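To start, the structure itself, in structure tokens.
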């Protein structure tokens, strides 16, 4: 059983009726709902305004995969909680960073770069798979169209991904490394670009399939103990 | 001094007046001409119909960087000469494979994959840099437009490049890993997608700059001896 | 069910009583035996002297993972059969190349390099994991000792592996990238260095665990159709 | 002209006469001295106890490559200065992290992992090149011996390096990825393991050659402007 916690800052849905109409249960609710249909997953949600952002030690200790959606409120996420997540990823908790999570504290901290990019609203996108045998791409069409999405364009200031799975095309002429896997210590991270709040991205079957696959891919059943430097005897 | 040999099958320019009008000296002549303006390079050309395709042992022994343009006549390139090039790359000769050289015998042999892709004529392309500090991108705009070019689209069946430098955008909705570096033994290989024969690609200053940079990048001044398995004494 | 074919040239076991004593059923028999204990695997064997080296179209069409052990007789393997294996790997058949398979025709063809290395008999080895969360390392100690093994040392002339899982240490002072994953088209390849015929390597539980894990890792349940260049309509 | 700043915490040399005997001018003085012999380099030094650790804005603004040696006093390095260095690396300042700099704040921050390892004093090491055409390896023997060095062993908790250049062998049975290149934004980072303070490592010609090559390799003559997310008009 993969224990997934879907975290959302949950601000747009409250402030903006357009977003609330698309995601009446919040973006986290939508993601929790389609993931919940899988027998091998157990889903919780957490949001910024909950106590400790809903990410208490107990929650984190019982999370195998953390999904992160944030945008307006990156700066409001407490540094001590970011530090806890960081350590959990090192020990094997998977992380799926969605859309504007490229600018979240936790993603920056794991990447070691600025993660900056170019952007513009209201573009049309095609998502192309450049690694068709990758588990994240299983059962997903080789390419698919997103009728309206925020454009995120290169240069995307990330370290070269350990695995590049998707590249996005935008009708304004831009491209983007839209689906990237990074390994950090014992944890796997999947960054996936689609998911702007005013577009019904998370209702799309292709997107749901990719996120579902990604949960299984970043899941590490063998969490590691604390990783620390160790004085060790010779083996010879 | 970098000794460059520009190889071209030189078929389209002879058969097709449209191509001849764009490249009156042949594609090889055009490339040789702009590279020849560099004080640190010495340029030769060679074509399919020359004796041994112009790639005699003497020529190969005096080539630091081989540039390859082929399309119609991949099958006519002699296997024994491909084998010689293969070994030269292993010992440190740089290779720049342009456009439809993705389907050349030498590129296939170095990649170990089918190098297949999707394609269509007469697209508009934008080239985006995803590795702006890479030597091949030096002095080249972050993105630039090619008004008319053949579309090459993903999935491009290559091993994950050692370095991904450029991604192409096409107005038909496609993307492509357009500029890729691969290391094989002591040789560096740069694959670069633009360069269809009916479009004046090699007259574009951005393209000329990229190819010029690539010559310097794939150049290895320290060629290696024959690489063979060796029985060796312990060092301890 | 993963359909595994274990291929062995099966020469040493016949000629050399020392090897026959270690592997009375042949190296292939030993590997087939420990793999056969897994409920999710179905094991066949094939050897050089069988008709078509035991790798008929029917066998290859029903192989998900091919394990390859060869040494003396690399040159006797038919080129047309190597070509068939090559295409099967491209379409998703996994390949595990053991020990001196670094010099097999199929491994060379997939790598695009010479795969040369330094070597010497009768060394003591330690195998260290440098990617502890990798599925191939699951349940295997972080390091383990092989009392006697042929030394394979750097420089190992392979492309930079897509994933480096193990590094070997030898008492003569050498190191080696002993466990490497490569992706080629839809196929995954695992090269694993231990396995000299005069040492009982394939009887070691750590080695058996690694090979068992590797079978599951290189298995691709979704074989791809023929990969060929395709003229395609615009998606926009 | 490459402007190099060699930074050293400069604690061991003051407290420990054994270290002072090896490095009477400090480790920074030794490195500055051998690098200073190169016509294309201009060398400064800086140490922890200087004002702002010797890394004022003026110094950092005039540094192309920063070399970092620290061990005892990682915790004493001011976070605000680490942040400045971090941003400079992003814009193109090269960083060479020597030996126990694996545990420095700046290296951790750039890696996004714990950088933990196993260690033990007084080992014998061999350094093997696994990337012989790499510019950092130019003119350096394929392998060389260090008579006495601190052992650093795997698992080394770093992201998979963008380029692996050296692997270390230790007589206690361990191996280590001793020479690793990482790219972060516009900056290149070279981590190099040898350099324990009680061993005369930086007096060795092979080590001096590698560090000299590394200075040239991580040097980026084209520093980038501030990298920030940008709202941009369509290019189509």
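The letters A, B, C and D name the chains in turn, as written, and every chain counts its residues from 1.
By our rule, a contact is a pair of C-beta atoms (placed from the backbone, for glycine too) under 8 Å apart; a residue touches a chain by one contact, two chains touch by 3 or more.
Small disclaimer: the values here were computed from a predicted structure and weren't measured.
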Legend entry - Set of chains whose contacts include both subunit C and subunit A: B, D
Inset, instruction - Between B-D and A-B, name the chain pair that shares the greater number of C-beta pairs in contact. - result: A-B
Legend entry - subunit B-subunit C separation of Cα centroids, rounded to whole Å: 32
Legend entry - Rounded Å distance, subunit A centre to subunit B centre (Cα mean): 37
Legend entry - Residue list for subunit C, restricted to those that touch at least two other chains: 126, 132, 143, 145, 153, 160, 171, 173-174, 183, 235-236
Inset, instruction - Give every residue of subunit C touching subunit B within the complex, in rising order. - result: 90, 103, 109-114, 116-120, 123, 153, 157, 159-160, 162, 171-174, 182-185, 227-236
Inset, instruction - Would you tell me which residues of subunit C are touching subunit D in their complex? - result: 126, 128-132, 142-143, 145, 153-156, 160, 163-164, 167-170, 173-175, 177
Legend entry - subunit B-touching residues of subunit D, taken from the complex the two chains share: 92, 124, 126, 132-133, 138, 143, 145, 171, 183, 186-188, 220, 222, 224, 235-236
